[in-house]
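You will see chain A twice below: alongside chain B first, and alongside chain C after that.
And now, the complex of A and B:
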């Protein structure tokens, strides 16, 4: 059995391993109910330029009412400069040095730009931010981000909002194996609770998702389902799965069964 | 006999619908914070679509049903007006580009069943029959034949025109104060009214707990090279984008939906998204003239459902969110029917 330690994000400990987004719900009320049902302790929020503190305060108040730790993100940024500026604005507005760094390289796929991501991460770390970079599942990129000083990495499962699940489990498990002490969170692309479960079984520390819950027919029920899936996946990881075998091994010993040879 | 006195606060869409329903039986005083009659509130900017089925994808079934009821009420309201207002019931066409087919499928799955409303799945040929100018551009779509739209600019003008000839007093561009005296009489600027109908939309934010603005941005263009027979919705990864044809080749292209109280001018990003979406539907929009780019705030409560509240002779109607034209006649009728109609 493995040790079960709480989720660690830059020294802060959390029981829940589900980070939840705050966009795309049918209404703010449904959002609040879904967030409660998910039992998440961390909620991501995107700051648009149009939401200055005073202008956006209503929605921000609804987020604050959830009582969760806020993880602001830089969704929608395409350049290092934009992302750094937005991160600085987020620090002021949300009074936190956490930033989920999202830097889009391809407009349609919303695929992160690895080159710009490294540059922005370096700048933000030097300015004292605790950076949680949203990245592709590329091992070398993850190693570079780790070398810069990131304590949390968030590789994608699949492109944002696709609900396809873990498209490349091999890449993801390789990152897990090679960065054993890093807090790793699968971010984006999940659609089903089983996808989240799979990530946790693999040893990922947490998952971050939004559309899978917000876009479900009943977001509140789906939030519950994801909560259960994440707990199941983590428990399975801690319990350590049996080794996989190619040949059947009976689960009931056949010795002493009177007619065992009749099946031949 | 002297008519009872009713004050209407706010002369946007809801205030107008209330005034039309009440003007024959009551002496109306209409208070509007904006300096003039015809460009106030979210209702002046909207595309004024009457799309209960398309909206059922994002709202509760009872709200969509209320929209069906309102569709039956609009022709009666418009028939009161001194000049014609386009009211069209030629359906809604929903299309998607190849890469957004997943969104179209999910939209189709989420349409809620509404009595008397059917969705039809379309092939490219079917689309070409409905909208000849879109032939060859889309291979799949959905048609919601019972939906409609109206010309909100003409409605704004004609409703003001009618009410000016009736027993109505107008107060534009003035601040007004809503109060109650010790006998629970309702007063506006120290004048007692039998009833006050508060239709201020986002203007009532300070008084209504939980009311927020949801920013929406729209473009209005003049496109002589484009002819569409009905509103067209395009699946888009972020917002449902629609193109609603208005008289004289004018089109309303909307709308973004941003959780923000900022009613400042439209951003370049939103402008590009809206206009490029229109261009991908019909290349004739390349030569269109941009008549206006607007931003406004939709008044909404946290559950995004409309709310009627009655408090000592003040009836408040608010929170119609993105469903102003869809719902206004039915919601206003419900609000007024017990005491005033």
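And now, the complex of A and C:
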């Protein structure tokens, strides 16, 4: 059996291993209910122009009412300069050093730009930010981010909003093996609670998702389902799975079998 | 002078960033950037505007 330790994000401990997004819900009320049902302790937010449709104090008040820890993101940024500026603005508005660093390299699949991500991470860490980089499932990239000083990495399961689950479990597993002390969170691409469970089973410390809950037929019920899934996945990881075998092995004892070989 | 504010070009007679913000109906909470550079709230009073400056005023929104 493995040791079970709480989720550790830059020294802060959390019981819940589900980080939840605040976007795409059918209504602000459903968002609040779903966040509560998920039992998440961390919620992601962003910044946009104040004259845009829903930016402002009303939304922020709803989030503050949840009492959750806030993780601002730099979603939509395509350059180092944009991401750094948005991170600095987030720090002032949300009064936190945490930043989910999202730096898009390809508009079609919203794949993070690994080169720009490293540069922006280095700048932000030097400015005292606690950077949670959203990255691809590339081991060497993750090692470079770790070498810069990141204490949390967030490789994708699949492109944002696709709901495809863990497209490359081998890569994700290799990152887990090679960075055993890093807090690893699968971020993006999950669609089903079983995807979250799979990530936790392989030793990931948490998952971050939004669309899978907000886009469900009933976001509140799906939030509960994801909460159960991450708990099951973590419990399975701690319990340690049996070794996989290539041949069948009976589970019921064969000793004392009453009709064994009697037909011969 | 012409100032671009959150993507809209407008005429302004304000000379400092703080005065410009005060002249809008900006609601808390927000953060400000001038020409792509973050300007801490504490420095808005001493930041002077020039023709063609671009100001972004951002507030909390849903995020994933």
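Heads up, the rule we're going with is that the second predicted complex is superposed on the first by the 254 of 264 C-alpha atoms of A that agree within 3 Å, B and C clash if a C-alpha of one lies under 4 Å from a C-alpha of the other, contacts with A are read in each partner's own complex, and residues count from 1 in each chain.
By our rule, a residue touches a chain if its C-beta (ideal position, glycine included) is under 8 Å from a C-beta of that chain, and two chains touch if they have at least 3 such contacts.
Predicted, not measured: the structure shown is a model, and the values here were computed from it.
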Touched partner set for A:57, first chain B, second chain C, both or neither
both
Now for A:88: first (chain B), second (chain C), both, or neither, which partner does it touch?
second
Just checking: does A:170 make contact with chain B only, chain C only, both, or neither of them? Give me first, second, both or neither.
neither
With the two structures laid over each other on chain A, which partner does A:26 touch: chain B (first), chain C (second), both, or neither?
first
Mind working out whether A:217 is in touch with chain B, chain C, both or neither, as first, second, both or neither?
first
On chain A, which partner touches more residues: chain B or chain C?
C
Check whether A:47 is in contact with chain B, with chain C, with both or with neither, and answer first, second, both or neither.
second
For chain A, give the residues common to its interface with chain B and its interface with chain C.
48-52, 54-57, 59
If we count contacts the way the header does, which residues on chain A are in touch with chain C in the complex?
21-25, 31, 44-52, 54-57, 59-60, 63, 72-73, 75, 81-82, 85-86, 88-90, 92-94, 160, 188, 210-211
Within their complex, state which residues of chain A touch chain B.
26-30, 32, 48-52, 54-59, 62, 108, 161, 215, 217
Would you pull the chain B residues touching chain A in the complex into a rising list?
58-59, 99, 106, 110, 212-213, 215, 237, 258-262, 264, 267, 300, 302-305
What residues of chain C sit close enough to touch chain A in their complex?
6-7, 26-33, 36-38, 40-41, 56-64
